[in-house]
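Chain naming follows the written order as A, B, C, D and E, and within any one chain the residues start at number 1.
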Amino acid sequence: MSRKTNRKRIRSSAFSRRASPGSAPGTLIVDPNSPRPIMHVMAYGQERVVEKDIDNVQAIPEFLSKYPVTWVRVTGLGDLSIVTQLGELFGIHRLALEDVLNVHQRPKVEQYNNHCYIVLRAVRQEEGFGSEQISIFLGKNFVLSFQEQPGKYFDPVLDRIREGKGRSRTAGPDHLTYALVDAAIDGYFPVLERYGEKLEELEDAIVSQPTGKFFEQIHEMRHGLLALRRAAWPLRETMNILHREPIPLIDEEERVYLRDCYDHVVQIIDLLENYRDVTSGLMEVYLSSISNRTNETMKVLTVISAIFLPPTLIAGIYGMNFEHMPELKWMLGYPYSIVLMAVLSVAMVLYFKSKGWWS
Amino acid sequence: MSRKTNRKRIRSSAFSRRASPGSAPGTLIVDPNSPRPIMHVMAYGQERVVEKDIDNVQAIPEFLSKYPVTWVRVTGLGDLSIVTQLGELFGIHRLALEDVLNVHQRPKVEQYNNHCYIVLRAVRQEEGFGSEQISIFLGKNFVLSFQEQPGKYFDPVLDRIREGKGRSRTAGPDHLTYALVDAAIDGYFPVLERYGEKLEELEDAIVSQPTGKFFEQIHEMRHGLLALRRAAWPLRETMNILHREPIPLIDEEERVYLRDCYDHVVQIIDLLENYRDVTSGLMEVYLSSISNRTNETMKVLTVISAIFLPPTLIAGIYGMNFEHMPELKWMLGYPYSIVLMAVLSVAMVLYFKSKGWWS
Amino acid sequence: MSRKTNRKRIRSSAFSRRASPGSAPGTLIVDPNSPRPIMHVMAYGQERVVEKDIDNVQAIPEFLSKYPVTWVRVTGLGDLSIVTQLGELFGIHRLALEDVLNVHQRPKVEQYNNHCYIVLRAVRQEEGFGSEQISIFLGKNFVLSFQEQPGKYFDPVLDRIREGKGRSRTAGPDHLTYALVDAAIDGYFPVLERYGEKLEELEDAIVSQPTGKFFEQIHEMRHGLLALRRAAWPLRETMNILHREPIPLIDEEERVYLRDCYDHVVQIIDLLENYRDVTSGLMEVYLSSISNRTNETMKVLTVISAIFLPPTLIAGIYGMNFEHMPELKWMLGYPYSIVLMAVLSVAMVLYFKSKGWWS
Amino acid sequence: MSRKTNRKRIRSSAFSRRASPGSAPGTLIVDPNSPRPIMHVMAYGQERVVEKDIDNVQAIPEFLSKYPVTWVRVTGLGDLSIVTQLGELFGIHRLALEDVLNVHQRPKVEQYNNHCYIVLRAVRQEEGFGSEQISIFLGKNFVLSFQEQPGKYFDPVLDRIREGKGRSRTAGPDHLTYALVDAAIDGYFPVLERYGEKLEELEDAIVSQPTGKFFEQIHEMRHGLLALRRAAWPLRETMNILHREPIPLIDEEERVYLRDCYDHVVQIIDLLENYRDVTSGLMEVYLSSISNRTNETMKVLTVISAIFLPPTLIAGIYGMNFEHMPELKWMLGYPYSIVLMAVLSVAMVLYFKSKGWWS
Amino acid sequence: MSRKTNRKRIRSSAFSRRASPGSAPGTLIVDPNSPRPIMHVMAYGQERVVEKDIDNVQAIPEFLSKYPVTWVRVTGLGDLSIVTQLGELFGIHRLALEDVLNVHQRPKVEQYNNHCYIVLRAVRQEEGFGSEQISIFLGKNFVLSFQEQPGKYFDPVLDRIREGKGRSRTAGPDHLTYALVDAAIDGYFPVLERYGEKLEELEDAIVSQPTGKFFEQIHEMRHGLLALRRAAWPLRETMNILHREPIPLIDEEERVYLRDCYDHVVQIIDLLENYRDVTSGLMEVYLSSISNRTNETMKVLTVISAIFLPPTLIAGIYGMNFEHMPELKWMLGYPYSIVLMAVLSVAMVLYFKSKGWWS
């Protein structure tokens, strides 16, 4: 992760692809860099499960009519027409569609007449602490999910449904929604663990040899933690609403599961706050160690001056050209002067030792 | 933006044009520097739309009677009589009129018997991060808006109505109000983006070469961010009320749109808080880098002293005038003394290298 | 404003004139330094208005019986008997009377059976940022106000009633109460403006030449802002209760006006918090500039040492008394040595220029 | 107050005399250092009042049957049997009794079936900012109070009852409870005043001559303020409950008085927060003054070096032993060299004067 | 406690043994390092009590049918099958079982249909401030407790039941649950006391001789306090729910006891916050003392320079080789020069004494 890139991402995260100020509500704007959407349909009931990659929205109604649950998984947001067709097919509000495309939403839940819209932020597992927006629409017999990039967040969910493990196929679309939310949230933990490891390394490094390089790395970490906090705090609010407020499309029984998700988010926030405290603790350690080193440097300078200035004065004195300086004629004048210098220097050293400056 | 001007604006933002303490409630005072009001009427129904610049309030009732929605847009607050006449025409409370003229209100919503009064703060797009007060009165069949200066905030809304796009003409004055609020709020994003860019530049500059100049610029940025926060936080409260509390003049359907506005304000605040954290992070980076540099300077001084003081002492010793100094008569006394000096200096250098001071 | 006085006032503000711990509830204690009370009665109805300075509480019932609204304005709290007589006449609770005399209450509203008691803190306009307690009792047909010192807060209200402007005479005692509260609150703005001006001056001064003198002034400002905050925050709570909670003595219609007062208090608090942020920003600027200057001083010292120590060593070398020093006999030995010194010094200067220390 | 003692008290304040972890709920443990309890009974009605020191709990029922209000005042907690007998006599819950003996409770109110239990923390008036726990049980016709040490908090209350002043004898045990709470709370003010005085002294001292000694005193003060805050904050909560929540044993009329107590606690907290702000302000002043002094010291060093190094170089040059140094033979060589030195030194002085270093 | 170990524990505390992201809800994963579970059953009624170590879950139903209360105490979580069998036997929700095994939960209470699940964090008494998760299931006639390691938290509870003291045997499983919670919470106090002692030692050490070693120890302490806070804050929430919200399985009478537990948790948090404040106070003391020492070092250097540089210049002057230097020929030139040097040095010393640098 280069710092530059990281910061760019932080800033741009709310601006790029935004419609110009004052444009009509529900104006849909597609990011030209976004990959073309790939639609994958998984439809299942207790007995059967089918999966298909489709190109055409027209293929969906058939699944809807035949299976209790149809999950349309869209990867990539680069084609406006597909998104609009999906919106029309499932009767999605234009404002919700706008939020799907403008991938800088805060996590939130919004209830519409016939569907419930959940926005999450999932973190990418690879180096660099990037994050992307996950949009999930929960309807009576469907789940429609959008993600920006191909990512493996949902692979375990797909596998569970294929294998028909546990309640994965018997439960309704609300359970599927829970499974997706849970998968996205669980993805924070490995990233946090990476942060934890880095913090430990930095702590060891800074305590043993505090240099500006590490300070910049801490500054870097703080940037990253800030970004994660911005994603996690509203997520907490979102999960709180999901597991507490009565949402008609979500079964009472699912709420126990959603409460579990909520617990995980709270744990994530706990960890983030903890890392934040540790980070500022490290900054203080770093700053105090600079002050300490300045003091040490100063002591070295003082000791050097104190050892060399007095004998230099003595040498200067016996280098004066007065005609009447009896010592100059002494047989042992020279050794005497050297001893005098040595005594002065040693006295200084002893003085500083007594002050504890000379370890 | 000169700093002086900026600060002046911050301070004065609550004082100028304020009636003297204790004056009667609803005392209307006009800022002599405010431009003369220009009234622009746009009246429309599903089928038709008319626009007209008018000089006389008397022209308005006709529009009101003929069209489902009449939008009176007033630009400039420099004429007391026009404002009072409008107030009388639309039955506006004197306290609300006072707030229109005293352009330093916090964003708020106030419900009166027959109208709803919304105050916003819009940011100007040009350099300098100025802001101005937008007052919007929403009535049964009218919207009355006041702005301080000619600004282009509302141009896209005008265009949409002219072209009759989407619900712009079919919906009532509550939708128009939403559109105006939305346009004003969206105007924050380009300004925030400018801040983000500046912060990135400053971060690069401060990390590579921390000078007091950049520190002052950060201080400057903080001023600006403080001003924006003061505008944005109450805006959040305002939008929260608008989309949550039942306001008779606002249709249930419009609330979904207002919730969207609310989301935008929350995003703005998120960004502002983020920038604030980044700013104080930069301050810490700056301060730690000064300490670091002080330490570096000290090291240079110490090394110089350590290299030159010992040979100077040697030179001083062999400059003494004792009669009995055998070295002085040595054939190689001079080179010997030079070597002695060099050895001492090199020893010092090696010592500092071993301490890691000499990179 | 001398600092000493200011601080004394801050501390004493909760202690002086307090009854000794454990004394009976409602113990009335008069501050001997408080001026003798002056009673001024203003009684009015829609048609008539009378004003009179009275010495005797017995004169009041007549006004009460004849006029719809009677306002008894007491200036000075130095006479216990007058206060008690007023208390008896208007049926005021002893605890409320105790609060009137103990002029260090936090702003609050208290409802009693037949009256409502409002405590405010008004700031004095003159230099020094002093404040005093205003007590207002609102009854069915009277308003009883107490203030510590003769002050002009209420002059505009008096004038409005005399002239019968607006609703000043037609409305009841609740409107009068509003007018008094409004006048007291509006008095904060000029004081805040003074603070704003001082802060701007200090900012200019500190950025251009940071000295300890300015730092002390900032510390001073902080003291003052703290005191204002202590007055303003509970005022907000108070005004919130006044405009929101149903108080029987206050008419529904007056609430719009009280909401306006509330808005002003919120604006005051906004400004105070803003000034506080600016103040701590200035402290940081100051501290960072000290660090910077220390670094600059250090650089000067280092440069001086680096320029003079090497040539001094050269001079010391050629001042040695060895018999065999060929240079000493050179024809151009002296200029050669001077050139050597110059070269060394210039090399040092160039080195520091390359490090950017030499502007 | 020695710092050692103070800190010891802070730490131990939650540990000593605590039953070992896991012991049965309601385990009563007596602190062996606690003084033996002295029981003082005061029983009164409107007409009569009796007082008696008693040794035996058996003497109490007689008072209870004869007088409307019986106040049993226990001073010292050193005897388990007396406490248990009182508990049985008045039907007090074992957990409440445990809290009476474990004198490190936070202030709180607890309602039991037939009594209400109030815990307060009273501050001692003498030097040292110690505090002790006051337990008050309010029953239908009795008040039972416990205090750790003989203290004079309640003397004024005793006196008022003896003299039958005001409502002291006509009101019920709830009024007595109020009077005790009020007396305990009022005791904070003199202690706070002492803090205020000390802070002022410290401020004067630190601004005029900042030394580490004062810094330690501030650190000391902070310790004390922290302890007071820990006592005052829960007290606020407690008083809030007492004056707001309907407690059957407390008459509606008494609530006005309890509201007054609540106001006092809020005032105490206001002052504490203010002192805290002042304290951290002083710390900043101190730290900035150290930085300032370091800079001043550095300037002195730099000026000394700048004045003496250049002439030393000149002297060194003319002390060189070159054969061909024309100046050495000049008639005025010596004064010329001295003048040269003086010029250099003066130039340096002028340079530093121009930089404003030389006042 | 080595720092390394401590930090490792902090980080890992949320990651190890976590199921991979996206795994099915209720996936049970056993930590291979966890000790094999030991099951101990204690069943009792008013009359009888039996205890038995069992290997097989099948042995439990017999106890359940015969005794009013059966307490199954599981120590160690290393065997998945035992945990699942217990889960099935008592009808425990899979998500709750998952939380039992994933020992990094925040303290919480969760109500299920037929049981109530309480998670706590108990601190270990030995050096190192470790903590472990305690899971308690409360059912109609059973309590099922899980702990990670053999620990003595619950020994006093076992003893009380064996001896049938107080209500220990007459009360139901809710009382047992209370006793377990109480025992776990009481275990915090000795650990906190140890912190308090360490803080006192550190304070004495840092005030008398501030070295980096102590600073690192403070940093260490902060780590530990952070970990304790993370355990204690949610514990407070948990206890608040337990004593306030109506939980069918908990008798009204037990709530008084749970309120007592809640009070203890609040006391723990009070102490933690207090220690935190003390810790940051110590950091400030440390940092200010470094600044102070830097200043002292600088003063020593300045004084040394000031004493030795001027006489060195004098010596240099009289070491010049000018032919015409009258002093050189003076009879008393040499002593005169020495006196001159001494005078200069003494003048410098006096100057610094006057500035208060020379104590």
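General remarks:
In this section, a contact is a pair of C-beta atoms (placed from the backbone, for glycine too) under 8 Å apart; a residue touches a chain by one contact, two chains touch by 3 or more.
Given the structure is predicted, the values throughout are model-derived calculations rather than measurements.
Any chain that touches chain C and also touches chain E is listed here: D. Counting steps between touching chains, the shortest path from chain A to chain D takes 2. Distance between chain centres (mean CA atoms), chain D to chain E: 26 Å. For chain E, the set of residues that touch two or more other chains comprises 287, 291, 294, 298, 301, 305, 309, 312, 316, 319-321, 325. Beginning the circuit at chain A and passing next to chain E, one meets the chains as A, E, D, C, B, using touch as defined. Of all residues in chain A, only 153-157, 160, 165-166, 168, 178-179, 182-183, 186-187, 189-190, 192-193, 196-197, 199-200, 203-204, 207, 256-257, 259-260, 263, 266-267, 270-271, 274, 277-278, 281, 284-285, 287-289, 291-292, 294-295, 298-299, 301-302, 305-306, 309-310, 312-313, 316-317, 319-325 touch chain E in the complex they form.
If you check the complex, the residues on chain A that touch chain B are 4, 7-8, 10-12, 14-15, 18-26, 93, 95, 98-99, 104-106, 108, 110, 112, 212, 215-216, 219, 222-223, 226, 230, 283, 286-287, 290-291, 293-294, 297-298, 300-301, 304-305, 308-309, 311-312, 315-316, 318-321, 325, 327-334, 337-338, 341.
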